[in-house]
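Look at the two complexes coming up: chain A is in both, with chain B in one and chain C in the other.
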Partner chain A sequence: MRTGLRKWSLWLGAAALLALPLASSAQLSTNDLAQKLNIESHIGNLTGHAKAAAMNYRRYCVGCHGELGDGNGENAVWLDPKPRNFQLGIFKCRSTPTSTLPTDTDLFDSIGRGFDRSNMPIWNTLTKQERADLVAWVKHFSPRWANEKSGDPIQIPPEPEVTPERIKAGRDVFARVQCWKCHGVQGMANGPSASTLTDDLGRPILAYNFTEGSRPKCGDTDRDIYRIFMTGLDGTPMPSFADNIKPDEAWDLVFYLRTFMSQHSKEKDMAKQLGLKPVDPNAPVPAASGQQ
Partner chain B sequence: MRTRCNLAVVLSAVVLLCCGALMLNQNVRAAGEGKISGTVKLDGTAPHMRGIDMSKDPYCSKIHASDPAKMETVVAGSGGGLEHVVLYISEGLTGGALTQVPTEEPVFDQKGCVYSPHVLGLDVNQKFKVTTSDQTAHNIHPNPNPMTGNIPWNQSQPPGAPPVEKSWKATEMIPVQCNIHPWMHGWFAVVKGPYATTDASGAYTINNVPPGSYTVTAWQEDLGTQTQKVTVAAGAAGSANFSFKAK
Partner chain C sequence: MHVMRRLRIRSFATFATSLPVLSLILVSLVLTCVQPANAIPAFARKYGLRCSACHESWPMLNYFGQKFKDNGYQLMNDRDAPIWQNPGYWPVTFRILPIWHRVSTGKVLVDTYSAGSTAPTGSAVQRVTSSGFDLSGLDFHTGGTLEKNFSFYVLPSSDSSGSFHFETVMARLDNLFGSPWLNVKLGKFELDNLLSEKRILTLTGNGGIYQLYHFIPQGDGNIFGQMGDNQLGVEVMGHSYNDRTRYSAALLSSVDGTPGLPYGSNAYSGFFTASQAFDAGKAGVQRIGGYAFVGLAPTTWITQTGPSGSTVIPGSGIGNKSFSREGLVGQFYFGQHVDLQVVTQHGSDSAWFGQGYGDLIDGIASGNNTTGTTLPAGSRSPTWNGVLLEPHYVYSPQLIFIGRFETIRMSQQSTPGVAQSFGNITSYTIGYRYNPFMTSRAGFAWHNEYNWLHQDGTGPSLGINAANINTSELLLGFDFDF
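Now for the complex of A and B:
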């Protein structure tokens, strides 16, 4: 009897030892989905709940982004640019540095803004709460959201007054960091490298043409344009210039870029008065001002 | 009562054993300065490497005016030595030899509108620098698979730009490209533990290998991987020569 008991307890001990990692991993995988569906998004004082978005995602998003969020919905074959693959967790429009996850507000803004020159419409027909819920839902597709936090948004100093000097300085930045290699000297997306651009998945992609009157994909306020080149559009050839353009110069560049755009602006008038010529691609590269 | 006592004894023994195993594991820190060396050769005629048309950027084409740049997919020297092959220990490493991260920071330079070196070997979490020696703007754009834990990034490096300092979280052969100069293509070969890349003659030496039996893997971007078993004894270097069949 006693030996039996002892044997029994030995078995129990061994079983406990074996079951420990098993139980915890099994728990993880079953809890995983439930946990993912408990994902929340926080946009200002709005809180989005992934679970609440399941119906709307099925109704409005699945056609392009797919059931699994991999961007392979049934319409995807007909679309260019292709729908975003949420599983990769790589996003163009962020307020956060390159390679970091966007904030919930960034995703919320993307849904509400839509993407000009793509098939992603403006989803302002959905309520803010519904959009916040969808942000939480979008986050459940990529393991990145479980392992990483959103990046810290870049600091954007208050916008200074536009002056002709600033526009001229912006032209120097444009020449120095060589935006024209892709965007062309007049912002017409006809730079020498424009024709060979591909995205991270090897699909051809166009540089932004400032002159055709369409809105930049990540928003068309001055702050949006500032943010675009200081964070880069991840997944595309557009790099981050954060290490090479100082905040003050960045505003100069924003003003210069406005002079290309077809919409009437103060910057356009000033450039006209200055008689500003496009940069010369064959001129020596201007030195960085006061860069260490 | 008796059973409960027994149970408690068994359970505490199990806990003690686990602790012991953990401590032991930490104590087995690899010491010693063993090496594995050898050469990597190409078996057969080296494939033709296409010349690169850099006329898109006059700065680049001027540099290569007298010596046109060629693709570097397979670089074989005289005698058939294969350059840019990464050798690393894929099995057999334990303890410190596996987890220690080298402190030296290798440099990946953009020079003459090509990457130098073409393949940069790296340990997981080892810091490295991306620099530019060129008077033309580049963007440095590695493209790892985000599912591995390595996240792609894309940063501009205009002339005179400060170095970009980075590291990678997981083992992966990561292609890197410049979107401005689409011919620019290189690799970050991220492995765990000691590694080496072959020189122009195909020779390599993996340093800091403690005595033991290992599997050494040779990776070439186009020709794939090969493995060999190697034993490093105390005070005697291991040796492994590889030969890749030309395609």
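Now for the complex of A and C:
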């Protein structure tokens, strides 16, 4: 009898060892709400499902972005810039006009590209399906997606051939729309307004330094750079210049910005041959093309 | 014998009664610890990522963690250089385990005593079991970047008595010529095993290693083919941008990682790997690859006769003979919860090793291949085949269930006539690790594991045939790093 009791004690003990961690882990499981959601993302032929991303979000993202997607994970206090608050539904890197929601592909690309000058890694080890699922998960945090549709991607005309004239024209655009006020006349993020910049939440923010060699946040191809100043970086002081710059001028500006960057480029070579000087903040503002 | 059995039954009954109480106390302790700690393990502290970002379950790496390691402990953003860190940041983490374990070894040859006799009067075979509280060794991990694309890792490691050695000391040049395909590492380091023994999820004496990575046939004198041991050498390694394609090639001294050139005077080995991963949609990323460990190691030693007899002169080994280990590796994922790790091996040693020549420095070898030595007639290269299957069920990043089956079968004994199965190994391991919290600041796992190992013919002789040995171990512990 007593031996039987002891055997039962052994099995009960073993069961306790296994069951208690399971039970407490179940208590720690969160986002029950998300299990009820059926939000999807669509990236090409891929369909992402929010509920499929719950575990990956918890594994990879929650430390910074928080359980609630509010950017208040346990690491947030140590990070600069702060993690994105998904609840606001405001995103820097978009292919869509300013103030509109990004496309699913924009978010998908952001996850796979990561962000230089932040703690957001390059998550390209995740499968495309996992990234698509995470996009759907990110969308479930903000009510904006329930009420609005993503904006239509801006049209980017084919990239023209770079010429010395275009680089000079780009410098004029740089002066006219006063990029130098934040980015500095040599693209070193030391313009007169640079030290005063804050994001929409009032937190200090740095202008992009073109010369230090880091990747632009939203991609480093010419098309990516074009897109940045035609869509703006929502939530930051970087506005959209879609209403101020014509598409052809935007390409000129791309070419001029390339002359600042540390990587070797034909734009740099051309600027050197031209003996191109930085813009003069005190010079008269050049007129827009077509207004001469 | 009968008394011994009764004693064992009594101690088992006591164990059974105390186990629930012990369990409840330990689990209560675990659950009361469900709160963030106040310091950060080295890499997580630097980058602000949770353990789970890089580890399928700490310490086993996931694909993101593998890529981070392959990039030289860099995320490949602009914050990899230490200049971005607070000057007070020092990338160091220590790891140790207080444990309770019960080890039971069957068929141990023991002395027997007659009544009134203080000297052994005979011998018998019996099971020996011991249990109690214990400690693991202590690891001090320090690693990271010295500058962008200059990384390092130093790991002083002790046994449970505090006797230290250098488990890892290496510096690495990363992304040479701006390419992830060219990285060079120099020092003492873990071989590029995709299923890393240094990041193994199990901790018992036999289950805490991969038997496949250390197998030596019975009577064989070659210790130099242990791919689970960190080795001294130089490694060239490369990978694609997303780490889906990987290769490595290492040139190693055949010293089994022991510094001071204690063995051969001119013996080298090579370790080569290549693998490719595939995106399998909802199933996850699947990786398959292969490895080969080929080398030469000494069998002939210069000796010196002194007052205490003949001794072997360290570093004098010549008469190099060959060995090889090659196999396939698979990492298969079936969704986010289930995965299976597979390693196969075909191994072969020179007949000289098989006949007991090899490491005389540590006394592993039984003979010295001096001038005129000949092999016994019919001696052959010992060969074997093995497979390792390790499934995981990841309930959540904080709770993982682990299983493992390993078997190694001799396909050819060095000496004709020796039983084909002599030295075969079969090992089963099950366990789970529960992390009550998951932050970027510290690691803690409540670890439970059971291992059972069977080896053919290596026990004491019982009549004509040698006995098989069964060994088991149950381990419970707190695995933590800080």
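Here, the second predicted complex is superposed on the first by the 254 of 292 C-alpha atoms of A that agree within 3 Å, B and C clash if a C-alpha of one lies under 4 Å from a C-alpha of the other, contacts with A are read in each partner's own complex, and residues count from 1 in each chain.
Just so we're on the same page, a contact is a pair of C-beta atoms (placed from the backbone, for glycine too) under 8 Å apart; a residue touches a chain by one contact, two chains touch by 3 or more.
Note that the structure is a prediction, hence the values are computed from the model and not measured.
Trainee: For A:Gln186, select first, second, both or neither according to whether it touches chain B, chain C, the two together, or no partner.
Mentor: In the superposition, A:Gln186 contacts neither chain B nor chain C.
Trainee: For A:Ser265, is the partner it touches chain B (first), chain C (second), both, or none of the two (neither)?
Mentor: Neither: A:Ser265 stays clear of chain B and chain C.
Trainee: According to the stated criteria, A:Asn119 is in contact with first (chain B), second (chain C), both, or neither; which is it?
Mentor: After superposition on chain A, A:Asn119 lies in contact with chain C alone.
Trainee: Under the stated touch criterion, which partner chain does A:Thr211 make contact with: chain B (first), chain C (second), both, or neither?
Mentor: Touch status of A:Thr211: no partner.
Trainee: Looking at A:Thr127 after the superposition, I want to know if it touches chain B, chain C, both of them or none. Which is it: first, second, both, neither?
Mentor: Once the two structures are laid over each other on A, A:Thr127 reaches chain C alone.
Trainee: Thinking of the overlay built on chain A, is A:Thr47 touched by chain B (first), by chain C (second), by both, or by neither?
Mentor: Neither partner.
Trainee: Kindly classify A:Asn72 by the partners it touches after superposition: chain B alone (first), chain C alone (second), both, or neither?
Mentor: neither
Trainee: Once chain A of both complexes is superposed, is A:Arg58 in touch with chain B (first), chain C (second), both, or neither?
Mentor: So A:Arg58 only meets chain C here.
Trainee: Would you mind listing the overlap between the chain B footprint and the chain C footprint on chain A?
Mentor: On chain A, the residues that contact chain B in one structure and chain C in the other are 6, 9-10, 12-13, 16-17.
Trainee: Over in the complex, which chain A residues touch chain B? Could you list them?
Mentor: Touching chain B: residues 2, 5-6, 8-10, 12-13, 16-17, 87-90, 98-100, 142-144, 147, 176-178, 181-182, 192-193, 196-198, 200, 232, 234-244, 282, 285, 287-288, 291-292 of chain A.
Trainee: With touch defined as at the start, can you tell me which chain C residues reach chain A in the complex?
Mentor: Touching chain A: residues 13, 15-17, 19-20, 22-24, 27, 30-31, 34, 36, 47-50, 52-53, 62-64, 66-67, 75-79, 241-243, 279-282, 284-285, 336-337, 395-399, 432, 434, 436, 439-441, 446, 448, 476 of chain C.
Trainee: Can you name the residues of chain B that touch chain A in the complex?
Mentor: Counting only chain B, the residues touching chain A are 2-3, 6-7, 10-11, 13-14, 56-58, 135-137, 139-141, 143, 146-147, 149, 151-162, 164, 179-182.
Trainee: Which residues of chain A touch chain C once you look at their complex with the stated criterion?
Mentor: Contacts found on chain A: 3, 6-7, 9-10, 12-14, 16-18, 20-22, 24-25, 28-29, 52, 55-56, 58-60, 62-64, 74-75, 78-79, 114-130, 212-215.
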